[in-house]
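Chain nomenclature is as follows: A, B and C, assigned in order of appearance, with residue numbering initiated at 1 for each chain independently.
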Amino acid sequence: MRKIGWADAVLLLLKLRAVLVLVALLILFSVLTPNFLTANNLSILAKHVAISALLAVGMTFVVLAGGIDLSVGSVAGLSGMVAGGLLTVGFYGHASGAAVAVLIALLVSCLVGLLNGVMVTRLGVAPFIATLGTLYIARGAALLLSHGAAFPNLGGSTGQNSGFLRIGQSFLFGIPSPVWMMALIAAITALIARRTPFGRHVYAVGGNERAARLSGIQVERVRIITYVFSSLCAGLVGLVIASQLESAHPATGESFELNAIAAVVLGGTSLMGGRGSIGGSLIGAFVIGVLADGLVMMGVSEFWQIVIKGVVIVLAVTVDQLQLRLQTRLMPALLISRASLGKVKI
Amino acid sequence: MLAGCRAPDRRLLVVVLVPSQDNPFFKAEADAAAARALELGYRVRVDAHNDDAYRQDNLVDAAIASNAAVLILDNAGADSSVSAVRRAARAGIKCFLIDRAINVTGLAKAQILSDNDQGAQLVAAEFARALGRKGDYVELLGRESDTNARVRTKGFHAVLDTLPRMKMVSAQSANWSQAEAFSKTETMLQAHGEIFGIIAGNDTMALGAAAAVKSAGLKGIVIVGFDGSPDAIAAISSGELEATTLQPAVLISRLAMDEADQMIKTGTTGKPELQIIPCELVTKANAGAYRNFERIQ
Amino acid sequence: MTATPQDSSPQIVLEALGMTKMYGAQIALKDVTFRVRRCAVNVLIGENGAGKSTLMRLLAGAEQASAGEIVMDGHVLHLRSPRDAAAAGIEIVHQELSVLDNLNVAENIFAGRELVHAGILVDQVNEEERSGRALSNIGMPMDVQAMQFPADKLSLGCRQLVELARSLAHQAKILILDEPTSALSSAESSVLFRVIEDLKSRGVAIIYISHRLHELLYLGDYFTVLRDGRVVGEGKRGQVDRTWIVERMSGRSPGAAVATRIRLQPTEPVLEVANLSSHQQGRPAVNGVSFSIGKGEVVGIYGLLGSGRTELMEALAGLRKPETGVVKLCGNRVTLDNVATTIRAGITLAPEDRQKDGLVPDLSIRENISLASLTEFSRHGFLARGDEAARAKESAAQVQISAFDLELPVTTLSGGNQQKVVLARCLMRRPFVLLLDEPTRGVDVRAKADIYAVLRELAEKGLSILFTSSEMEETHLLADRVLVMARGSISAEFAAAALTDEALFAAASPALEAQA
């Protein structure tokens, strides 16, 4: 019995490793930098994390279904530029209101996702290639919108677009709006992943596509929806950034996709699909965000920050493999422990 | 167009290569060179190498292949660009380097640069003046592998490090990016209680810092940038930024093209290879006199 | 092939002594002793799951025995990898071809053992020359031009021969052929038989595995029959005949009555299939098949590998779109566009390959069972987990899954229980017609009996079942009526009572039967 308890404990620790790393980082930075553990800083930290977390949540669905989405950074840039262009220049000199600009920017983002999904499912293009293509297409489109320039002063000269600025700048109960968005979207998607037929379908498609198809699951539709959702999250991120900066830059979001994938992987989601969780990705995004901000506060050089981030990702994936192997080895012991707990054969 | 099809365009070709076309500074630089070349009766091709020495190599090869007469280049690295410039020079192309130098002389007909060091010292002095020569400040660095980022920070510190009551509490790279400057400034403002000034290696980062300061609800923090971009000058007029230093990009491009024209017509530029053009300080007092990297009054 | 033996009584080249192999708690081989003689075709016979493939995997070094040893020419061999086996002169030609489609013939023959110049560069000329020699040795001379084609441009038969040439180019002393003719046309098969005769005369020991009795009798010199992981018969050419083999394979005498229950009288048809055809890579896999199944009737399709049985099942399940044919369910036409449509209509398939097509390894047992029925538990878009768990438990009990906890990963179950999970998933949709492709492949005896019992019970409640099998015993035990498929068509139909093993075999390979 003692040995079985030990096996359970080891697996639990490994399963919670991302949380443990996060807690360790929080403690480390609180000790090393005096102002780290203040309400104000934590709120700003969460705001920074929200950007990569939103991307990671969208990416998680794609990865769970066995795909990958490299276009999210570019889509974020495009979405901000579409909104920026509509707010400042508009159609034929008629600048749009904030609501219209937001809706159209999100719609354009979804269209990119739809393109990704259709290429992957109907045309049989490998996800890596299809989304690499849209990475360039969306970035190029963002640059074309303004011939390379930024759209400045999105608030408007008379403050007519203050609604748009509220997307990224307002507070509710002292918590910044992007953090609310992250919490809300993560909660909803976690619920979808765990508690709806669609969520189960996503896991099944990523775990064994042929088995999913034989079970009557419409594999193509599931895949397309995951890509559209990922692009929608990316579009939202683009709007949040444009709103925070009060200007839209065509280069916004470069290499964001790598941060999002890193967060997903840190959270224990398998890039082969079928295994992982939204909560894991959220924690992964927090680990990356806390690490980045903490190192900045400590005054560590940019170059070291990059190295440390890489080391953390590699370690996380290594431990992930270790957990899988250990789990297989300890499974007999676990089976016995379950049986002894009274869950008998049915 | 039809006329062009019948009789081939016999005008000489000028190739303009700049780091990117999605940055207002490089765009102004490229536009000015192209406009002057057309005025002087040349054909023009403009391209961007995205600070990628390899891509620059390919673009230079393409210029050689299309038998260009003049190459106006804002290069992708002081060392990594030498071979490309040498190849172009050997192929008989007259090379004019603008904005950034290379580490070898004798290859280009002229290297016309704005004085980054002088400009940095100019804006740092104004920064110190606005702060009353005292107080904690933070610095936002450009991409640390970039020569200009290093020259500028050196210029800043040549002035600021002589002032005993000014103290830099943190320095972070924001890689020339506004979004990154925004989040890093937010974090630095948290880490260090009383910050009175932010000095940034370019205007884009200065604007990101200004947005972060505004978002934190702070007032009276002195922020200065570098470049003299239109957005920054607008922000100086509205009081969000204190000052910037304007690199005379348009002037430099026109000089380069004029000298190239002279070279083709007379065989000499009549000027030394290395020409340093001083930067100009822009503050609220004179902001109205500048537009798009050039003085208009 | 160093010496050509002159003596008339071929000597034993390899002995596998007391081989035992366990997979977890499941015994695949128990104390099997198998002797391989030089200059002879050593036939290994047994139904699916009898342990033939396991024994071959041990000899080829792909797996290690739990107990027992392999002795070759007086030395004990320690085969830790296929490389070790190849070094000892043991080569295997797999049932599933392992020809690399993207490489050309010579590259295939030397894949993994490339000839090199100066330690780094591939010696292409030499490789092509030796490949050419190996191919003409097996009676398939190929010009240099044709050898440049990637292997996927070759016919199945050609690829089989390329694989054979690969083994021979490496001086095999023992050549294992696992179901070599399953994908071959009869002309291609006779080429293969000539090659085998030739190899035999050159001193190679051949281990030959096949389900096709006439081939075995035609080629074999020594016969070993496996059943349930044990050797149940050994004989020499001349002592062995068809009856001898069938008796030992199935464990009963062929004439004995096997009908254990009163078969159903014909009822109104539930599934009617008319003139169904489906192509695979340009060749007809299913060719104008027509039949019908009554309510509560269990129909078996008996056919060898490559007979088109799996393709027929996949077409009926909506996995592959047929070129022609009409399928009616309870009188209404069903379009076979995709699986979702056929499942909704009431036809569901439990596939042949559980790991590849059936289970989602990352999901729990419960989640695997309910996978096809999730909309049933959907309340306002969310899964009602109580309902789901209850129904999953009910279905698990219905097919007698033995598991500690339905929340455990499905991969913790044994093969038999995994198959029951797939079955439970199909049944949860309450289909009218259940399609089962090889329902008990790789399943242990007890689980087999459970599955048969469950299926019979379901049939009595009115479910129509269509299953394929390549096991005679299974076909006997389960079917009310048997259709035999060969080369894409139905070649015979038997009522259960009129069924004999002999007739099954004959109908399953009519073209070759005539020849042999």
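Keep in mind that, in the parts below, a contact is a pair of C-beta atoms (placed from the backbone, for glycine too) under 8 Å apart; a residue touches a chain by one contact, two chains touch by 3 or more.
Since we're looking at a predicted model, the values are computed, not measured.
Trainee: Give the label of the chain whose average Cα location is farthest from that of chain A.
Mentor: Ranked by distance of C-alpha centres from chain A, the top chain is C.
Trainee: Which chain is most central here if centres come from C-alpha coordinates alone?
Mentor: Per-chain C-alpha centroids ranked by distance to the global centroid put A first.
Trainee: Could you put a whole-Å number on the gap between the CA centroids of chain A and chain B?
Mentor: Once rounded, the distance between the two centres reads 35 Å.
Trainee: Find the geometric centre of each of chain A and chain C from their Cα atoms only, then give the gap between the two centres in Å, rounded to an integer.
Mentor: Roughly 45 Å separates the two chain centres.
Trainee: Centre to centre, by mean C-alpha position, how many angstrom separate chain B and chain C?
Mentor: Inter-chain centre distance comes to 71 Å.
Trainee: Under the stated contact criterion, what part of chain A meets chain C in this complex?
Mentor: 191, 195-197, 200-201, 203-204, 206-208, 210-218, 270, 274-275, 331, 335, 338-339, 343-346
Trainee: Help me check something: in the complex, which residues belonging to chain A touch chain B?
Mentor: Those residues of chain A that touch chain B are 33, 35-36, 38, 40-41, 44-45, 47-48, 143, 147-150, 152-153, 169, 241, 244-247, 249-252, 293, 296-299, 301-303.
Trainee: Of all residues in chain B, which touch chain A in the complex?
Mentor: Residues of chain B touching chain A: 20-24, 27, 141, 144, 170-173, 175, 177-179, 182-184, 186-188, 190-193, 207-208, 211, 215, 231, 234.
Trainee: Using the touch definition up top, name the residues of chain C that touch chain A in the complex.
Mentor: Answer in residue numbers: 317, 319, 338-340, 343-344, 348-349, 351, 356-363, 367, 370-372, 374-375, 377-378, 381-383, 385, 393, 396-397, 401-406, 408, 412, 425, 429.
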